[in-house]
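Take a look at the structures below.
Each of the next two complexes has subunit A plus one other chain: subunit B in the first, subunit C in the second.
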Partner chain A sequence: MTTATTPPTAAPATRRRLPGSASMVPVVAPLVLLLLVAALGPLLAPYSPIDVVAAPDQPPSTQHWFGTDIYGLDVFSRVIAATRNDLVVGLVAALLATVIGVGVGLFTGTNESRGGVPGSVARGVTRGLDLFDALPQIVVGLVLLAFFGRNLLTLSVVCGLLMVPTQARVVRTEVLRVRREAYLESARLSGESERGLLLRHMLPNSTWPALENASYIFGVAVTVAAGLGFLGVGLPPPTPEWGAMIADGATAASAGRWWSSLFPCLALAVTVIAFSNLAHQYLRRR
Partner chain B sequence: MIARLWRSQRWWIQRVALLPVHLFLFAIAVFFLVRLIPGDPVLIIAGSDDLTADQYERIEVLLGLSGSLWHQLMVFLGRVVTLDLGRSLIDGQDVQEQIAWRLPATIEIALIAMVIAIAVTLLLCIFAMLHPHNPVARFAAFYARSAGAIPDFVLGVAGILVFYTVLGWAAAPTGRYDAGLRPAPRTTGFPFLDALLSSDTVLLSSMLAHLWLPVLVLVVGSAPTIMKVLQRSIEHAVDDEATLFRIASGVPRHVVIVSVLRRASPTMVTMCGQLFGFLLGGAVIIEQLFAIPGMGQYAVQAVGRADFLALQAFLLTVAACVLVVFLIVDLVNMTLDPRRRPGVMVEGNA
Partner chain C sequence: MVRRLAKPMAVAVAAALLVSACAESANTADASTDEETSVTILQADIGMGLIKEAGANNTEFLGATQATLVRKPYVESGQDGVFEQDPFTYEGYLAESYEVSDDGLVYTFHLSDAVSAAGNELTADDVLWSFELKFGADTSTAPGAMSPVITDPATQFTKIDDKTVSITIASPGLGTTLLSMLADALAFVYDSTEMQANVSADDPYAIAWAQENPNYGFGPYEITDWEVGSYARFEARDNWILGTPEVDVVNVQVVPDAGSRASTIRAGDADIVEGLSPTDAADLASVDTLIVPTVSSPNTSQVLSLVTNKAPFDNLLVRQAMSRAIPFEDIISNVYQDRAVRTGSGIVFTNTPGYDAAGLPEYEYDPETARALLAEAGYPDGLSFTLTVSAADAESQATAVQIQTAARPAGFDVQIETVPGADFHTGRYAKIWQALLSVQAPWALTPIYTLNLLTGVDSQNNMSDWEDPEFYEALAASAEVIDQSSAEAGAAWNVAETRLLEEVPFIQIAQVQPGIAISERIAGYAWRTDNTVDYAHLSINE
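Here is the complex of A and B:
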């Protein structure tokens, strides 16, 4: 009986596809590179990322591969050092958004059609998350950071909270679909408790899309964090962060000194594209 | 008679009546959010610890932080309803006056970008629908897939570098018009519209020279998001039985196209609502890059000064704008597709 009611999870099918696929290299290589740079950061940087090491506004040369910025900081070292900060924000945000989103999505999905207090609470939560999601992320992020302090932890948590509605919606849709499946009905008929239904059948069957989505969330969170940094309301200077570096370089760029803005832009673009590729090609089940 | 009118008109009256409820709930949420700020806001605003009891009390009252929580909430909601958002303790300026001055400028940029983005999207998608194998259609599909990959500010910096520094086509990113020009007399509050109305050609051409690049950046950055949705819903509508029936029964081509577009449009309208929120956020960033005075600049200043009153008002204002846009989106959708009205039971769509 137990074997009959155990839902066929999608995970094995996907796992089978991972190794040996030729399309794997272009998707995974940038990710590995980014994670390596984030992990080894300080070892790779030739100069201190937060100290003035040369004359300002020097073009790329053999000493300073990416040139120096308006303050005389080494752009290459800063781009490298910023990788860790930005990736940490993305990882924490994706984790947080997924964990909270799965919880909220399971709750709203299973309770929405019920009457009484749980039903109205669930409908209220769904509505509230929709309204929250409608607000520009950068605006909410800016206000929350200003209220709760500008450091790596708040930045990551705020970016994570901003993405909760997306994840909750994905899980909720999936729960509503799973509810109608036959295996759920047979589990219920075989005397599985409500909690068992939720944890053993709903949870494993409805969270997969949210896990896929997590790498998309990662990209968006990094973009939002960089946007806040760009506005000058993210991590306080001189903490290396791509968004803040792009903003610092923007004035120089309009005077023709393109390098101090271009390289953090490239780093940001590579990160976002690498992670959204992962979401698109790799974890796709259908 | 009245009952029948009520029954036929209920859908939009109900939806409009929900707006103040949403605003009210949001205001309460913001109220509690501000109460969660770690530390003593009075001391943060004052910037020092040595305040006399009298000074402390005065700031507390100005921030609406005196009395019981219930009393504070009532004071706060009273202020929101009467649009009295307070006077900034930092520069002594009326918060609502500042916002009334800056909000139209930001909304104007977001709206111009939105209209252009929608027009471009519609044109490209319709073209792609009619000529699916054309290179332009393939480009459109590729472009739509890239949604969100490149953030606005990266496009902005690249735009300034290419169009201002290298090519010299755009004016310097230093505001809305050349320094030294006088702003148009304030009639509508929307700077560009005012310039149009004043028929001051020098000012107008300077504004155009300054604004086309930020607007272009916003359009290029935001168009893929709606393009992706519209392409999918057009594909859906083209494969629909209703389309096949129309083609089979030999109606003229343009009738088929119009019917496809009508069935694809509700998704598009919904997406436009989200696009507005997206563009409002984008405009905040772009304003900063192009030194255009607007809401973004105000908020960034407020963050630097820990001006909680201004930030609270900023959040409330943006939320109000977004909620109004969502109201419009819902009403347009209910008009386009009566099945979306509340209380309408549809087969297979219960």
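Here is the complex of A and C:
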């Protein structure tokens, strides 16, 4: 009996997996490409991304594939080099927002219906997150960067902090749902401590949405970093960063010199779409 | 910051629509009233302060509505259709004439019968009140800017009679600078009758009142309509002392984005645009129907200040090394698209009568010498410093990038820091940075003014915080020469300038051409040291 049932189930399973893997190629390929560009950037860039290498505002040519910007910097080399900086911002921001968001979400979700100090603090934190989330991210980012200074680390941390409310809210919602699950009550009746409940049951069962949401956070963080760069409060010039590059080329674009802002625009768009698509695929599969 | 905030495409469309609407309006006026002529000018959003002493102000607007005792005459430049102020000659304006005492210390002005826009005739009291206001108002910059020529109007200004005023100066060598200052926006003469009728306890000089009531001056135009940050309409006065201006109406529109202003005049939808970037100005210079002025000795210059109150630029050798690490020619061609000139390292204008350049040190890009000087200064492996620029100043940012690249082989690791415009102004006056790039444009081009501008004792403008007794001694000796256009004066100024260049508290990088374009429909554009457009000198080409 057992030998008769095994072979038929193996083949369909393989066939079902193959289309799924194939559908992931358009999702994963841009991400792999971006990561490769970020990792190999210095090897791929034909010129130093921070040195003047030619006359400014030169259109795309065989020497400068994406042309030169208003400073005379090679746009192709800068788009390549900016990939690493922007992905680092996205990565650090996603990690930070997720770690802090999970902690805050667990705390508020498990405590806000309680009385006493923990309950009051949890409700206060939830309202505080709502308030923080209601403020425009760019404005809050401007203030934080003015306070902490402008470098890759602070920009990443600021972008991460801006995303904490989103992650915390996702986890809190999930904790509120998990708290009503029967297995949690069973664990409590079997003598599990509150700490054990939190770490062994709530944490693994309520953080998956936040982990899946991290790729969306990644894309938003990159966009926010670019927005801050566009406003001139991102990384100091001439550090390659897509938002600052778009801003530098914006006035030239209005005069017909489109290349120095178009290519970083495309790079930013591809990155955000790629990571958003990843998040979308995860959510769809769930 | 402004440039970075711009959303050029959207602004371009909005500007084109806005200006098209205005152009249509002007044309309609032309059609309905045959004799009315109008000009449309596009400006950046530079504010609309309507009295000089309010602090932030629009000097061009003030020049159209106000007048000075004397003025610098216009002469034809080497470029067709462009005039230039002769910055070293002065002729009567509100004063019919003036005379100088034999000792060169007393200047006596005989006032004309000019009538203000409010209808009051010019008197000596107007001159005295105006300078009392300039030196009494808290927000006035005149006391600092006019020192050491005018320091105390109460003792220096004397009313001889209703139509005669004398001004006494401390040293005869200050005379040409006095005349130059009296020809500029700092010295507008106001209608004291009108203003004094509107003073209050909270507004003892009627400055707040003047911000809302701009037609109290003796200038060629009055403002008939305006909205801050948007537009202003000027109408010619029939009773201006020098006759009725040829252009009846000047419409000024604010278009914040420089690229949009360039696109608009290229499309023929404006007569004059101001505040162009060097790239746009260079582009528009190739358009046959436009004039982009190129003048012989522009007074706008980019300056790298090396702050001497802290390391590393408290070390003279490091400052001298820096003077060899600037790619002057690259900056002129790459940043300014060759719309800048460099007439040596000095800051005294080389077209000054009696100018003497003998023996002046020259700064040239020489990274090897720079590296050797750094080693001698104790930095054999080079050094790092922060160069601060204003986020509102695109050209300074571009220059900083050029310096960063070129200074690396010279041993300098330049970290560029951009700060918001307001913070930049605060920080540069507080001398808190190591080095900074700024733009200077002295209105008075006399040697004593230009040499004193960035070096004054305890002056906010002394951004390098460099105070050198030997330099000040040479400066004082130069001011004692009565004939400031003589070879004797030139030699005396040379001593002071040599000392300045040897000490390298700052480095003038280049003199920048005006960022302005004029339609061929317009004649009479004249470049001025205050870099504003004189509406009264414009006319319409047939």
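Note that in this section the second predicted complex is superposed on the first by the 262 of 286 C-alpha atoms of A that agree within 3 Å, B and C clash if a C-alpha of one lies under 4 Å from a C-alpha of the other, contacts with A are read in each partner's own complex, and residues count from 1 in each chain.
As a working rule, contacts are C-beta pairs under 8 Å (C-beta built on N, C-alpha and C of every residue); 3 or more make two chains touch, one makes a residue touch a chain.
Since the model is a prediction, treat every value here as computed from it, not as a measurement.
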| item | value |
| --- | --- |
| Combined model on subunit A where subunit B meets subunit C, clash or fit | clash |
| Which superposed partner A:135 touches (first subunit B, second subunit C, both, neither) | first |
| Partner chain in contact with A:72 - subunit B first, subunit C second, else both or neither | second |
| Partner chain(s) touched by A:117 [first = subunit B, second = subunit C, both, neither] | neither |
| First, second, both or neither for A:255, with subunit B first and subunit C second | both |
| Subunit B or subunit C, by number of subunit A residues touched | B |
| Partner chain in contact with A:232 - subunit B first, subunit C second, else both or neither | both |
| Contacts of A:52 with subunit B and subunit C, given as first, second, both or neither | second |
| Which of subunit B and subunit C A:189 touches, first, second, both or neither | neither |
| Clashing subunit B stretch [against subunit C; choices 9-17, 99-107, 171-179 or 189-197] | 171-179 |
| Doubly contacted residues of subunit A, that is, touched by subunit B and again by subunit C | 230-232, 247, 250, 253-255 |
| Touch list for subunit C against partner subunit A, complex | 1, 3-9, 11-12, 257-260, 262-263, 277, 279-280, 283, 330, 333-335, 391, 394, 397-398, 400-402, 404-406, 408, 415-418, 420 |
| Contacting residues of subunit A [partner subunit C, same complex] | 50-52, 55-57, 70-73, 230-232, 236-238, 247-248, 250-255 |
| Complex interface listing, subunit A residues touching subunit B | 128, 131, 134-140, 142-149, 219-220, 223, 226-227, 230-233, 243, 246-247, 249-250, 253-256, 258, 261, 265, 268-269, 272-273, 276 |
| Touching residues (chain side subunit B, partner subunit A) in the complex | 22, 25-26, 33-34, 36-38, 148-154, 156-158, 160-161, 164-166, 172-173, 273-274, 277-278, 280-282, 284-285, 288-289, 296, 299-300, 302-304, 306, 308, 311-312, 314-315, 318-319, 322-323, 326 |
